[in-house]
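You will see two complexes here that share chain A, one where it goes with chain B and one where it goes with chain C.
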Partner chain A sequence: MPRYYTEEHEWIDVDGDVATVGITDFAQGQLGDIVFVEVPDTGAELSQGGDAAVVESVKAASDVYAPVDGVVTEGNGQLEEDPALVNSDPEGEGWFFRMTLSDKSQLDALMNATAYKAFCDDL
Partner chain B sequence: MTALNASGWRPEMNAGGADDSATFTGNRALMLEEPLIFEIGSTETTGVDFDSVVIGRPQVGNLYRDDPIGLPGLSEGETVRHYTRLSRQNYAIDLGLFPLGSCTMKHNPRLNEKVARMPGFADIHPLQPQETVQGALAVINELAIWLIKLTGMHGVAMTPKAGAHGELCGILCIKAALEARGEDRRVLLVPESAHGTNPATAAFAGFRVEDIPATPEGRVDLEALKARLGPDVAGVMITNPNTCGLFERDMKAISDAVHAAGGYVYCDGANFNAIVGKVRPGDLGVDAMHINLHKTFSTPHGGGGPGSGPVVLSEALAPFGPIPYAARYADGSFKLVEEESAGAEHPDTFGRMTAFHGQMGMFTRALTYMLSHGADGLKQVAEDAVLNANYILRSLDDVLEAPFGGSGPCMHEALFTDNGLAEGFSTLDIAKGIIDEGYHPMTVYFPLVVHGAMLIEPTETESKAVLDQFIGALRSVALRAKQGDPALKSAPHFAPRARLDETRAARNPILSWSEPAVAPGEPSLSELGGS
Partner chain C sequence: MTESEQAGEEAAPTATLPLDAWHRAKGGRMVEFAGYWMPIQYEGIMAEHLWVRENAGLFDVSHMGQLMLWGDTDQAVADALEALVPGDISALKAGRMRYSLLLAEDGGILDDLMITNEGGRFGIVVNGAVKWDDIAHLREHLPDDITLNHNEDFGLLALQGPKAVDALARLVPEVTGMVFMQAIAATWNDHPIGISRSGYTGEDGFEISLPNEAMGAFADALCGMEEVKPIGLGARDSLRLEAGLPLYGHDLDPDIDPIEADLGFAISKRRREEGGFPGAARILGHYTDGSPRKRVGLLVDGKLPVREGAKLFDGEREIGVVTSGGFAPSVGAPIAMGYVPRDHAAPGTAIAAEVRGKRVLCTVTAMPFVPHKYVRKQGG
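The block that comes next holds the complex of A and B.
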C-alpha cells in the first residue's frame, strides 16, 4: 500500500479507491501535545489544498488540508475522545479521515517517504 | 532521567511532600497560599446578620427555589483577605515590565483616573437629556477630532468597544460601500503577518478569507497580492506595523493596487503605538483602521478595564459609518445623531453596533492622555517605544535568533525564535523560566510564520535601567536553554504554582467548583447548609 506525503505534513495511504489521511510524526512533534481534533463529516467534499480538519495543540491551532480531491467516507471518531492518539501513533491509530479519490493523478505530485524525509531535513 | 512530556510537566509534581522546604501552612513568608472561596467559607455560616426572613407566598410560581443555594458565607474581613491574597499572586504593569508583544501594556497615568472619576463624566447616564451632558458629548467630539488628525482620515466611528469589534465595524463599512456600488465581492485577502483576529472578523462578516504569503524578510509579498487582486476581491486586511514587528513599507503601493482593482484597504491599528504622530495612515491609502484606545492611548489594559476601538474612515467609507455619533452644530452645541435624525444627516449608515455612544470612561482617559502629552509628546511616545524595542532586539540577538534582524530596525516589538536551543528545549521553557525571574512572559508561539516565536514589546514606559535588568534576565534564561539546564525544564520553581500540566488542563478542563464527593451516610456540605 503506497504512502504519500504533502508539504503541509499530511500523509495519505491509498488502498484501491479509498485513501486514509493523517498528519505526520514530524508534524505532531512540532505541534506538541494535541488537545483537540475536529475531523470532517462523512460526505464532505474536499478539494486539494482546501481545509479538511482542525488540530489544536497546547501551542497553536492549525488546519489540516486535503491532500487530494475527494469525498469523506469516514472521520476518526476516536480522536474526539482521545486526541493524544495523534501524538502516540500519528501515522497509525491517529489517522484523521478516509476519503475517495476523484483524480488519482494528483498523487503523482506528492512526495514518497524518502523525498518527505529529505524535505523535513531541510526545514 | 525523568520522562518529560512536551510541555515539561512531570507527573510527580502533583505528589507533594518531595519539597524539603515545604512549610506547615503551605505559605512561603509573604506569599500566602490561598484556597478557593468555596473551600474557606462554609455554607453553614453567613457574613451578614439578617433578621430571620419569613417567606410568604412565592411570587415566581414554580421557579421558587427551595433547596440551599450553597454559597460560602464569609465575613467582610475574610472576603477582603481572600481577594487581596489572590491579587498578590497576579502580575501587573504597576509591578513591573510587561513584555507582552502586540499588546502595548503601558503605564496608565493616574491623571487619567482622576479625570475619569469626575462626577460630570462618571455619574451620568446614557439616556440623560442631551442638554444636560454637553460636556461629555464635547469630550467624545474632541477625541474624535484628535483621532482624525493623528490618522489623516476623514471620519471616525467612536462606538466600537474593542479591537475586534472595530475590525467588524470597518469591514461592515466596506460591505455597505460595496452594496451601494451594487457589487458582489466576496473575498478578503489577509497576509500571514496580520493579527489572528483579522481572518476571524472577515469570516464573521461573511467574506471568504484568502492568505497572502510573507516575504523572507517578514513583510507582505506585494507581487503575490497584486496577482490575486480581481473583481471578486472586496479588499485586504493588513496589520501595520505587522506582527513580525516590521513596518509594511510597501503600504502605499499595496493600497494603490487594491484601489485600482476596486477594493478597499482595512488596516489593523493595534500596533499604532509605534507610529503615532510619525505616520498618518490616511496618507498610506488606508480606508478604515481601528485604534485601540486601551493600548495606544493608555486606558487600563490587562485586567484593568474595558477596551475601546474607534475606527477611522476614509472619505469613501465615512458615509457608511455607524450611528450614534456626537455631532457639533454651528451654535456650539452637541447632539447625538441617532435613527431619528440619521435620515437627514447620515443617510447611508450601515446601522448601529452598540446600544449607546461607546466607552465613555475610555474616552475621558484617552483624551486626558493626549492632552497631557500634546502632539509632540505623542510623537516621542512612538519614538521611545521603537527605540526601546530595538535596544532589546540588538541586546539579545547574539543569544536568541532574530529571524528578521536583517530586515532593518524593528518597530515597537522585537521578534525571536527558539532555533539554536539545546535538544528538547523550546520557547515554552524560556517563557516559564522568565516567570522565576519575576516577569510576565512575552507573547509566545505567535506569529506563526517563525519557529517558536517570542514577541517582546517593552513600550516607551520603561527606563534603560529596567530594560537592562530584563535583558540580563532573559539572556541568562536563554543561555540556560542553550546549555540544556534540566532545572529550566520544570520552571517556574518560585511561582505560586510550579509547571502546570497544560495538556491535561486543555484536554480535561475543570471550570467550576463542585462539592467534593462525601462518604455514603454523611451529609453533604449543601445539606448541612440548608437548616
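The block that comes next holds the complex of A and C.
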C-alpha cells in the first residue's frame, strides 16, 4: 500500500479508491503533547490543501489539510477518547480520517517516504 | 542592501539571552518571545509542567527588566513610586516585596510588577515585553532626584516547585529561613546574588538575580541535582494559568483597571483611603460599587481547549472574551480566564465560549484552579 506525504506533514495511505490520512511523526514531535483532535464528519467534502481537521496541543491549535480532493468516509473516533494516540502512534493508530479519492492524479504531486525524509532534514 | 540596513528599517532584531547556548545544549526549542530567543520547551510542556508541581523547575526569565531606584531617602523613593502605583510602598520594610501595578492616567494597567525594598534602594522587576515602555514611563514621571538604573548586567532565574527550597539551600543555605515575598542579598562563589521567595507558578519557589557571567555555572549547579530540570515558557504559561495569575498583554492591558482585573488586593488599604494614584477616582469607584466587567476563571466542559480570543456568550448575547486558556495538565481538563459582565461573574454561572463556530459550555469558577503553596510562615 503506497504512502504519500505532503509539505504540510500529512501522510496518506492509498488502498484502491479509499485513503487513510494522518499527521507524520515529525509533525507530532513539533506539536508536542496533543490534547484534542477534531476530525471531519463523515460525508464532508474536502478539497486538496483545504482545512480538514484540527489538532490541539497544550500550546496551540493547528490545522490539518486535505492531501487530495475527496469525501470523508470515517473519522477516527478513538482520538476523541485518547488524543495522545497521535503522539504515541502518529502513523498507525493515530490516523485522523478515511476518504475517497476524487482525482488520483493529485497523488503524483505528493512526496514518497524518501523525498519526505529529505524534505524534513532540510527544515 | 546589507543586513544592518535591513535591521534598521524593520523591528529590532531578536536578541539572545546570556544562557542562549545553555538552553540549546539542553535541547530547548527556541522561539521568539518579548524580543528574545527563549526556550518554549525542552522535553515537552506536559511533562515539564507536572515536574514543577512535584519537584523543582528552573526557568530563565532574564527577558524581564530588572530596574533599580534610589534617591536621597527610601521614603522619597517610596513617595515617588506611590504616585505611579496603588500599593503601600511606604509600608514596605527592607527585605520585603510586593506585587503592584503601573497605572496610566485613567487607571488602566500599563504593567504588573514586583517592587522590593532592598534597603537603600528599591528593585523593580517588570515584564519583558513592555520593559522599554515602563522605563520611559518611569523616567518621564519620576522626580529628577530619583535615579533609575536598568540593570542589564544581571540575569533572572526562577526555581519553582515543592523541592526548590531543598535544591537552592545546597547552594545558598540561608534560603531555608525565608518566607513568601521576602528578599535577601547573598553571595554564591563570590558573585553577588539577590534572592526572593516568590514566583509565578503558584508553587513555593525563588527568583534569583545574578550576574550574567555567573548564570551558566549556577544553572548547571542546580540542574545537576536530581530534583531540578530546566523548564520552558510553555509550562510557565500553563502553570501560571492554573494558579489564576494574569499575564500582561493577554489578561491585563491599558484598557483594564485593577478592579476589573480582580486585582483589588494590590490596592493597599491606606491607598484606598487616601487615593493619590493614577486613575484613583475610577479605580476606587469600581472598588466600592463593583466594576462593569470582571476577570474570572472558567472551567471548560469536555476536552476542547478554549483559547485567548474566544468570544463568550449568554444564550445568543455576546458578553465577553477569553484572554488566556488552554489545557491544564494538573487539572486534567481545559481551563480559561476571561472578562465577563459583573452579573455573570459569580462562581457557578453557566456561560458558553465559541470555538470554531461551536459552543462550549463553561462555568465561572473561583481562582486559583490549583491551590497556591506559598510558604508564608516559618515553622508553621
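Here, the second predicted complex is superposed on the first by the 123 of 123 C-alpha atoms of A that agree within 3 Å, B and C clash if a C-alpha of one lies under 4 Å from a C-alpha of the other, contacts with A are read in each partner's own complex, and residues count from 1 in each chain.
Going forward, a contact is a pair of C-beta atoms (placed from the backbone, for glycine too) under 8 Å apart; a residue touches a chain by one contact, two chains touch by 3 or more.
These numbers were taken from a predicted model, which means no experiment stands behind them.
By the document's definition of touching, both partners, chain B and chain C, reach A:Pro83.
In the superposition on chain A, contact of A:Val54 is made with chain C only, not with chain B.
Of the two partner chains placed around the shared chain by superposition, chain B and chain C are both touched by A:Asp33. Chain A residues 32-33, 35-36, 56, 58-60, 83 lie at the interface with chain B in one structure and with chain C in the other. Across the complex, chain A is touched by residues 5-7, 428, 444-446, 448, 502-503, 506-507 of chain B. Per the touch definition, chain C reaches chain A in the complex via residues 40-41, 44-47, 49, 234, 237-238, 303-305, 307, 326-327, 329, 334, 356. Contacts from chain A toward chain C in the complex involve residues 32-33, 35-36, 38, 54, 56-61, 80, 83. Within the complex formed with chain B, the chain A residues making contact are 32-33, 35-36, 56, 58-60, 83-84, 87.
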